[in-house]
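Below: a set of structures, written as structure tokens.
One chain, subunit A, links the two complexes that follow: it is found with subunit B in the first and with subunit C in the second.
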Partner chain A sequence: MTVITLNQVHKKFSRIPALMDVTFSINENVITGVAGRNGAGKTTLLKMIAGFQKTTEGEVRVFDENPFGSLLVSANSIYIDDAMSYPDPMKLQELLHEFKRFYANWDEGLALRLMEYFEIPLDTRHRFLSKGKRSTFNAIVGIAARCPLTIFDEPTTGMDTAARNDFYRALLKDYIAFPRTILLSSHYINEMQDVLEDLLVIHQKRIRYHGSTSDLQEAHLIIRGTEAQLRSATSGKVVVSKTKNGLQEEWIIENDFSEAERSMLDRRGVKSTTVTLNDAYLALTEQPRGGIDDVFDA
Partner chain B sequence: MHEVDGEKPIYIQIADWLENAIIDGTLQADEKVYSQYQLAELFTINPATAGKGLTILLEAGLVYKKRGLGTFVSLDAQQKLRAKRKEQTLSKLVRDLLHEADLLGVHKNELDMMIDAERKHRKGDPT
Partner chain C sequence: MSLTHRTAWEVVKQQFLYKLRSNAAVFTVLFVLQIISMVLMNGAAMTSEMGTGSFELEWNSISTDGVMGLTFFWAMVFGFLMTTPGQRNAAYLYVATPLTENLANFCLFGFASLIAGITTVLSGGFVKLLAQLQDVQLITETAGLFSEPYQFFTRVLAMAVYTFLTMMIVYTIFIIIQRNRLLILPFILLWFAVSQSTTPSNWLGDVIDFFYNEHSILLFLGKAGVTAVLMAALSLVISKRIEVKVS
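Take a look at the complex of A and B:
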């Protein structure tokens, strides 16, 4: 069953485009990572899905409704980001108690156990928490709400490494017990890749990739050798990115090589390996004219 | 927790891990294999990814499904895997070994001696 559908969606902020021609759909109970460089349009996309922002053109459907102004979507979804604010006089314990009135599946017991594990005091107020603890508290709310559509926009901002790992493990464990549709954005593919089924890559305000993480990884190869070697090895192939690593060139190319072609590379002295998901992602989101080196070589 | 190396897609790493467990006898013939949810929890990975890893073994006939009961190791799984490893992994290692030996100018006699010495060393070593 499809939970989210976007059809030719455009979004502009005072005539400046933020997203262009976005079309995709997401099935029920899939965990999708949303990745893109700064300003690519991730937050705008997530906010339109949550019903916080209107589209400029095109259609968004969530649970078969336009999410903007929809009570159904509002009751069945939660949007977690680092700008969340709560009624200031309320202590965290009171907040955790009140959430059950907003979220039908709210598990207060789980929230309290997570608070204890992450050592967040219950009798304090949200604005007194450190940046990392504030993010952790928000993440706990997002997990314990068990909303059929759960959206996390950069949930791990400010968390230390241990807290990040614990967050992803907690999210995955609770998802296995109570499957739901989850959207998760982060700059760091590495930290979230294991829990994802699909990845949505936004680049320069457009969808650059939507599909399984392993398909993206397997669609690319990394080859290493001298420039001349690589040039002759890749004639007729699509080169996605080129970097220099010491005296060697490292090129990421689209993987349409047969077994025979790959052993041919081997014999020519060109080393080819599978790319990490992060390498594949970086290759897709590279600036059109080379990398950072070009700024200095000008 | 098992460390996954970043290069291969995770579902292939899961399949490799299961195959190793069958080869070294941790998982015996007709023994129940971890479910996709158990694997997901064990390695902190998406259950769909774990399921894809299991599918590789299922399609290779290394495991079989019993309705409502789960997935089990096929009778000839260990034998099949040993043959496959010999054909693919071991022969590639031999190729790499010869390549390196040629590069260093190590000839057959010397290489044989090195292999024999290593064998003796391993036999003497209880691990």
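Take a look at the complex of A and C:
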């Protein structure tokens, strides 16, 4: 069953485009990573799906309804970001109590166990927590709400490495027990790659890629060798990025090699390996590694 | 995972209780303002004198006009407060739509107005008690709860309705401004035109008289009800177009 559908969606703030011609659909019970460079339009996209913002053109459907102003969407989705501002007078336990009242699938026991595990006191206020603890509290809310559509926009901002790892592990365990549709946006592709099934890459306000993470990795190849070796080996191929390491170079290329062509690479002394998800993402967003060096070498 | 189906009224009730808890401090401010007003008012009672030769009469006149004034000021601030993006974003932490959020705000205004109406009218009794403790001859113009219960409750109702209308009007004005910030200019110009005018503005006087000079409680409630419904409808239509969590 399709949970989210966007059809030729455009979004502008005043006259500045935030998203252009976005079309995709997301099926039920899939964890989809939403990736893109700063200002690509991730947050705008997620807020439109959550029903907080409306489209300028095109159509968004969530649970087969326009999410903007939809009670069905609001009751069955939760949006967690790093800028959640809770009412000042309320303590964390009171906030959790409110979540219990509003969300039908709320697991209070899990929320309390996670609060204890992450050592977040219940009798304090959200603004008194450190940045990392605030994000952790938000993440706990997102997991314990068990909404059919759960949206995390940069949920790990400020968390230390251990907390980030624990968050992804907790999310995955709860997802396996209670499958739901999860959208997860983060700049740390490597950290979230283990929980992702699909990846949605937004680049320059448009959808650059939407599909499985494994397909994306298989669509690219890293080749290493001297510049001359690589140049001759990639004749007619699309080179996505180039990085220089001394005499050796490392290129990421689109992987449309046949078996015979791969064998040819080996014979020419060119080493080829599959790319990591992060490399594939960087390749898609045309962020060549080492590019910053060119700024200083100019 | 199956979908949860909620009715708007369920969510309005939950939002109302949530807003009541998260805005509890607003009620504390009301009580503090009213206490300050009562203390100051008692100390600053209007003194009048009249005399002819050997006869001289001096009297102090005490009223709860100050309490009412501060209560209306509080109502205006509360009405504005509920239109701020912070309040809207806080509502959308939980299940909310423009319809449920606005209806919950109206319920909150209704509850707050009732509290304000009761405390304002009771403050009159408190002022009378303070005056009696001062060992002076006392002439009371307004009857109390036990001597004239109908009058007492009518005063509570009238004060609550005026407070509610104040909140609704300010709320609607600031919802319009939230929709388009430039619309603050006509409201500022209107405010200056009214406040700087040396002669009383006829139309403004007419608007106030429309409610204040109504002697039938039913007609007064009818007028106030229609005005409140119009304000509610206007703010609902406008706020349905306002986006949340815009940063």
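Here is the rule we go by: the second predicted complex is superposed on the first by the 289 of 298 C-alpha atoms of A that agree within 3 Å, B and C clash if a C-alpha of one lies under 4 Å from a C-alpha of the other, contacts with A are read in each partner's own complex, and residues count from 1 in each chain.
Please note the rule applied: a residue touches a chain if its C-beta (ideal position, glycine included) is under 8 Å from a C-beta of that chain, and two chains touch if they have at least 3 such contacts.
Note that the structure is a prediction, hence the values are computed from the model and not measured.
Peer 1: Assess the superposed three-chain arrangement around subunit A: do subunit B and subunit C clash, or do they fit?
Peer 2: fit
Peer 1: Using the superposition on chain A described above, determine whether A:Pro89 touches subunit B (first), subunit C (second), both, or neither.
Peer 2: second
Peer 1: Based on the superposed arrangement, let me know which partner A:Phe102 touches: subunit B (first), subunit C (second), both, or neither?
Peer 2: second
Peer 1: In the superposed arrangement, which partner chain does A:Thr273 touch: subunit B (first), subunit C (second), both, or neither?
Peer 2: After superposing on A, A:Thr273 lies in contact with subunit B but is clear of subunit C.
Peer 1: Examine A:Ala35 and indicate which partner it touches, taking first as subunit B and second as subunit C; both and neither are also allowed.
Peer 2: neither
Peer 1: Check the residue A:Arg169 against both partner chains and state whether it touches subunit B (first), subunit C (second), both, or neither.
Peer 2: A:Arg169 sits against subunit B, while subunit C stays out of touch.
Peer 1: Going by the contact rule set out at the top, does A:Leu196 touch subunit B (first), subunit C (second), both, or neither?
Peer 2: In the superposed model, A:Leu196 contacts subunit B only, not subunit C.
Peer 1: Is A:Leu114 touching anything from subunit B or subunit C once the two structures are fitted on A? First, second, both or neither.
Peer 2: neither
Peer 1: Name the contact category of A:Val22: first (subunit B only), second (subunit C only), both, or neither.
Peer 2: neither
Peer 1: Does subunit A have more residues touched by subunit B or by subunit C?
Peer 2: After superposing on chain A, more of subunit A is contacted by C.
Peer 1: Write the angle, vertex at the C-alpha centre of subunit A, between the C-alpha centres of subunit B and subunit C, to the nearest 10 degrees.
Peer 2: So the C-alpha centres give an angle of 150 degrees.
Peer 1: In the superposition described above, what is the shortest C-alpha distance between subunit B and subunit C in Å? Please give a whole number.
Peer 2: 16
Peer 1: Touching subunit B and also subunit C: which subunit A residues?
Peer 2: Overlap of subunit B and subunit C footprints on subunit A: empty.
Peer 1: How about subunit A: which of its residues touch subunit B in the complex?
Peer 2: Residues 30-31, 168-169, 172-173, 176, 190, 193-197, 212-214, 217-218, 273-276, 278 of subunit A touch subunit B in their complex.
Peer 1: In the complex of these two chains, what residues of subunit B are touching subunit A?
Peer 2: Interface residues on subunit B, with respect to subunit A: 4, 6-12, 37, 40-41, 43-49, 52.
Peer 1: Give every residue of subunit C touching subunit A within the complex, in rising order.
Peer 2: Within the complex, subunit C contacts subunit A at residues 1-6, 8, 11, 14, 17-18, 21-25, 86, 89-90, 92-100, 240, 243-247.
Peer 1: Which part of subunit A faces subunit C closely enough to touch in the complex?
Peer 2: Going by the criterion above, the answer is residues 29, 47, 51-54, 63, 69-72, 74-76, 79, 81, 83-87, 89-90, 94, 98-99, 101-105, 146, 148, 178-180.
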